[in-house]
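Shared between the two complexes below is subunit A, which has subunit B as its partner in the first and subunit C in the second.
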Partner chain A sequence: MGSVTATVAPPTDAHVTPWFRTFGAIVAAGFRRHATYRQVAVAGLVTNTVFGFLRCYIFLAATDAAGRVAGYDRAQLATFVWAGQGLLAVIAIWGWTELAHRIRTGDVATDLLRPVHPVTSYLAADLGRAGFAALARLVPPLVVGPLFFAVHVPRHAATVPLFLLSVVLAVVVCFGCRYLVNATAYWLQDVRGPMILWTLGSGVLAGLYFPLGFLPGPLEATLRYATPFPSILQVPLDVLVERESTATGVGLVGLQLVWAVLLLALCRLVQRRAERRLVVQGG
Partner chain B sequence: MAEHGGTLRAYRSLLGAQARSQTAYRTSFVVDLVGNLGATVFDVVTVLVIFGVTRQLGGFTLRETLVVVGLSTGGFAAADLLVGNIERLPQYVRTGLFDAVLVRPLAALPQLLLMDLPLRKVSRAVFGLAVLGFALASAGIDWTPGRVALAVVAPPAAVVFFASVFVTTATVSFYWVDSGELANSVTYGGRDFTAYPITVYGGWFRALFAYGMGFAFVSYHPALALLGRADPLGLPPWVGWAAPGVALVAATVAALAWRVGIRHYRSTGS
Partner chain C sequence: MSVIEMDGLRKEFTVRVKAGRLRREKRTVTAVDGVDLRVERGEMLGYIGPNGAGKSTTLKMLTGVLTPSAGRAEVCGLRPVADRTRLALRIGVVFGQRSQLWWDLPLRDSFDLLRHVYRVPAGAHAARLTRCRGLLDLDEFLDTPVRQLSLGQRMRGELTAALLHGPEVLFLDEPTIGLDVVSKQAVRGFLAELGRSGDTTLVLTTHDLADIERLCRRLVVIDHGRVVHDGSIAELHHRYGSRRMVVAELDAALPEPPALPGAPLHRAEADGRRLVFALESASVAEVVAGLAGLATLRDVSIVEPDIEEVVARLYLSERRGPLLTPGG
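After this line comes the complex of A and B, so read on.
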């Protein structure tokens, strides 16, 4: 696991242990960095809570006389909404423009000088951030939701570990997408356009605005199997509320894994192409 | 008088500079226009998708709900275009840019709004108003002179109300710099709240947003009055007419909050 950058020769050291140590250190730094901003976490929690109430009431109003809609019962819908509000911060679906900013200002040159591949180091930092978010942003809605709504408690023992794995993969898939969006700055300088398209597309196609099950069957299936978007939100939530059998859940998490690997590979490819044409501006 | 003209000229040149700089990167600007349109379109699409799995929501049909959606979306989008930029206030406070704004010989609020007037949001406002127009035309409203008048005053009232909410919530950042998302919970939360008949919500949450903060008067009650429906929650029909009054109260609160906030403002010193 070496690194290839424009300016630094790949290290010849093939030992895996130091690589893990470096990766772990960056993860820890990411965690600490975000743990510093507690006001932001509290403000975000309030917003998640308000939207938890809003979406929960709206979706519950759409249930039929038997209390079901699109394969969810009322308790499953409530869990879907509240866990979704928490996951939003864990996957950091919106607002990450750090890489694009560094590309525009030329600070990215520093990243390229480091002996760790930029995709690897940004991913590590993001996993650290997600770790803090899981504690500060995912747990509270999971506590608040059940205080006001009847929620779905997992029936199978395998669901919880599968959900946790699914969340980790969701973070990686989401990171991959965000990295690609940010990396358009290598070519475009101003990423506001791609960023807006991402913000729009991800919210709708990931299952945030409404569970994708509300869509006609073929459309949902296409989104599910042919795009990475459901992998960043809908899949972990469906696993948690046990919308389908555990076996299907395992299959969906496997699909997430495929997307995660594909997207990270694509990130590295894009990064390599970008480094060939990158001109760092300024002094 | 001459001084007044000078002030206006200063504002105009601020706006002109903004328009030129924003349209300089033409492709980006077009993508921005389309992207901003998309955000509002998806809000409406969400309503349509929900009505794809149910025939009624909180006792309202799709056509009735669209009147609520139109008032909410149109009002919010127009307010967002005019004053939505105030949500960048926390950034201005944190970076110290607000100090520069205060020492200039112009009022702070108009300056802030004109410093980065988001022209890209024009598309959104136009779409929002189009939805409102469509909803009013297709809801089978029994038009009386009174309802025509209400259809004329309710949208501007919604704009004023949302604009007041933007300004009021932004002032929180005078006390709490990293409050950006906190403001979102009321502004965007309020937008989503008003996009559905309030009968779908329940308990103290509905009471807080609908009557505690006044969001029920933005779209729900005017829509009831326009549709000629009795309020399932039991308020009299004339409440729909309270929209302009409530908007004025909101504007007063916003003006007060802004003044108090500015007095309280202490530079971050950076």
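After this line comes the complex of A and C, so read on.
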């Protein structure tokens, strides 16, 4: 027999490729799961659109004689509002209690029986959900807004790809925060308290109720650089409306990446601590 | 080497109980209290006990979901908690009251997703799925979202989902709970077929003792977190004095209860016209012959010992024990 030359893939590749396949399959399943609820998407879209008009008129009323406020002109404000309305569903800032529910009912036990870490598995499913929301909930407000308001059209070629990257990171950062809020159920069982705090806090601190530029400078800077909240909404919207230079935008997206990594690491840490003291409810 | 090993496995939970208007006290509850057990490859083990005995807790420690308070557990040579994700590839788990399927997706999509999650080669996955489709009649609801399945259909889906990655050990926690007779038979038939192949070790907890009778040669009874019986069903009957019964229908009641050597009268019914004798040392023929000399026999039937009765007696005797212990 002749000699056999075998090409052995490096061990990392052997593990990384299947890992990505598994991750991709869970992302696709997350997309399909949410695509089954189309009426929910339509109802949410109508609500987002109505509130889009309200918020847009309120913010535009706050502009000065030159048509500017907090570093935004009127077109930038309109874009901020309409893209923000669409992003709400993509980042799923409110209403995700699936993990808390599964902890409370004990169904989380089945999550732990899979050969994928729960944080990885929930993140992949959430990215799939976000993918569907991007199509069903982000695109329509971006179409409706310009029909009724003068909006800001990006001037730099890098803006759109940077915005898309920023949205993906916003989803990851928001997921990390939501996972941590849900994970309090391991200790508290009932997450209504933390959930109310999150709903109130995230809306204000992420720049949903008003752009953080409306706040006094030191407070805005503290929020922007020392908390993950602006990474959820304010950063991708500022990137899209080109409030800062492209270089500053890249820096802000880099900061988002740092928060995403930190929060996912924290989620894994919290999950590990929780598993040590886990009590599976319901036997 | 045994496929499952437990040495002094123990699990304690801390609960807070009200001890005054505002005060709460911490109390330690022992759910599993030093279980030692070995399960060999291919064995079908029935693991039973009353509610709160520690069955599900044991299973959750063996699957790595719960961290033991003390003791050692090893499954397929792995430590369940430390090696949980590696162990997940080698075991299958079915919880009768929980679902591992994706609620919003059709069963077919759930199975496909599990192929990727467990990284099963497409050929092996297809072969196993084909086998399960045949044995469990999955085809009629394979494209139905899991949320729309009946309990029986879902359980057949759960069994398939637990087996698609070819696990060495299958843990079943009350897999027939709430199922109708037909679905129960389908599940039992499937598990019996699986057990016959001898490739998969099966650990089954249930309250339906018919599951155990049909499937398991070895029975482990746990109560208050301790093993109180480990042996065959026949050994359990022998230990707790389960006896076969002879039921004799008479034309007319006897003036006095008959005394048959080796077969005491267990009870008399229908105004003394139906007598039930417990077989101890006497044979059925001796009982029938003895009765025929005393009365005109209409009918005779033999009742096999009832596992439910013996297990109920076992639970009660175990329960009374600790209650009688001072301070217990």
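Quick note on the criterion: the second predicted complex is superposed on the first by the 269 of 283 C-alpha atoms of A that agree within 3 Å, B and C clash if a C-alpha of one lies under 4 Å from a C-alpha of the other, contacts with A are read in each partner's own complex, and residues count from 1 in each chain.
The rule is short, and it goes like this: a residue touches a chain if its C-beta (ideal position, glycine included) is under 8 Å from a C-beta of that chain, and two chains touch if they have at least 3 such contacts.
Note that the coordinates shown come from a computational prediction; the quantities given were computed from them, not determined experimentally.
Undergrad: Contacts for A:114 in the overlay, against subunit B (first) and subunit C (second): which applies, first, second, both or neither?
TA: Once the two structures are laid over each other on A, A:114 reaches subunit C alone.
Undergrad: Regarding the shared-chain residue A:165, is it in contact with subunit B (first), subunit C (second), both, or neither?
TA: neither
Undergrad: By the touch definition at the top of the document, which applies to A:75: first (subunit B), second (subunit C), both, or neither?
TA: Neither: A:75 stays clear of subunit B and subunit C.
Undergrad: Looking at the overlay, does A:40 come into contact with subunit B only (first), subunit C only (second), both, or neither?
TA: In the superposition, A:40 contacts subunit B only.
Undergrad: So which one touches more of the residues on subunit A, subunit B or subunit C?
TA: Tallying touched residues of subunit A, the top partner is B.
Undergrad: Touching A:279 in the superposition: subunit B (first), subunit C (second), both, neither?
TA: A:279: touches subunit C, not subunit B.
Undergrad: Looking at the overlay, what does A:21 touch: subunit B (first), subunit C (second), both, or neither?
TA: A:21 contacts subunit C only, not subunit B.
Undergrad: Would you check which partner chain A:142 touches, where first means subunit B only, second means subunit C only, and both and neither mean what they say?
TA: After superposition on chain A, A:142 lies in contact with neither partner.
Undergrad: Mind sorting out which residues of subunit A both subunit B and subunit C touch, each in its own complex?
TA: The overlap between the subunit B and subunit C interfaces on subunit A comprises residues 37.
Undergrad: Subunit A touches which residues of subunit B in the complex?
TA: 25, 27-28, 31-32, 35-36, 38-39, 42, 45-46, 49-50, 52-54, 57-58, 176-182, 184-186, 188-189, 192-193, 196, 200-203, 205
Undergrad: Please name which positions on subunit A make contact with subunit B in the complex.
TA: Subunit A reaches subunit B through residues 37, 39-40, 43-44, 46-47, 49-51, 53-54, 57-64, 69-70, 148, 188, 190, 192-194, 196-197, 199-200, 203-204, 209-210, 214-216.
Undergrad: Can you check the complex and tell me which residues of subunit C touch subunit A?
TA: Spelled out, the residues of subunit C in touch with subunit A are 13, 56, 60, 63-67, 81, 84-86, 88-89, 93, 95, 97-100, 102, 104-105, 109, 112-113, 116-119, 145.
Undergrad: In their complex, what parts of subunit A are in touch with subunit C?
TA: 18, 21-22, 24-26, 29, 32-34, 36-37, 106-107, 109-110, 112-117, 121, 275-276, 278-280, 282-283
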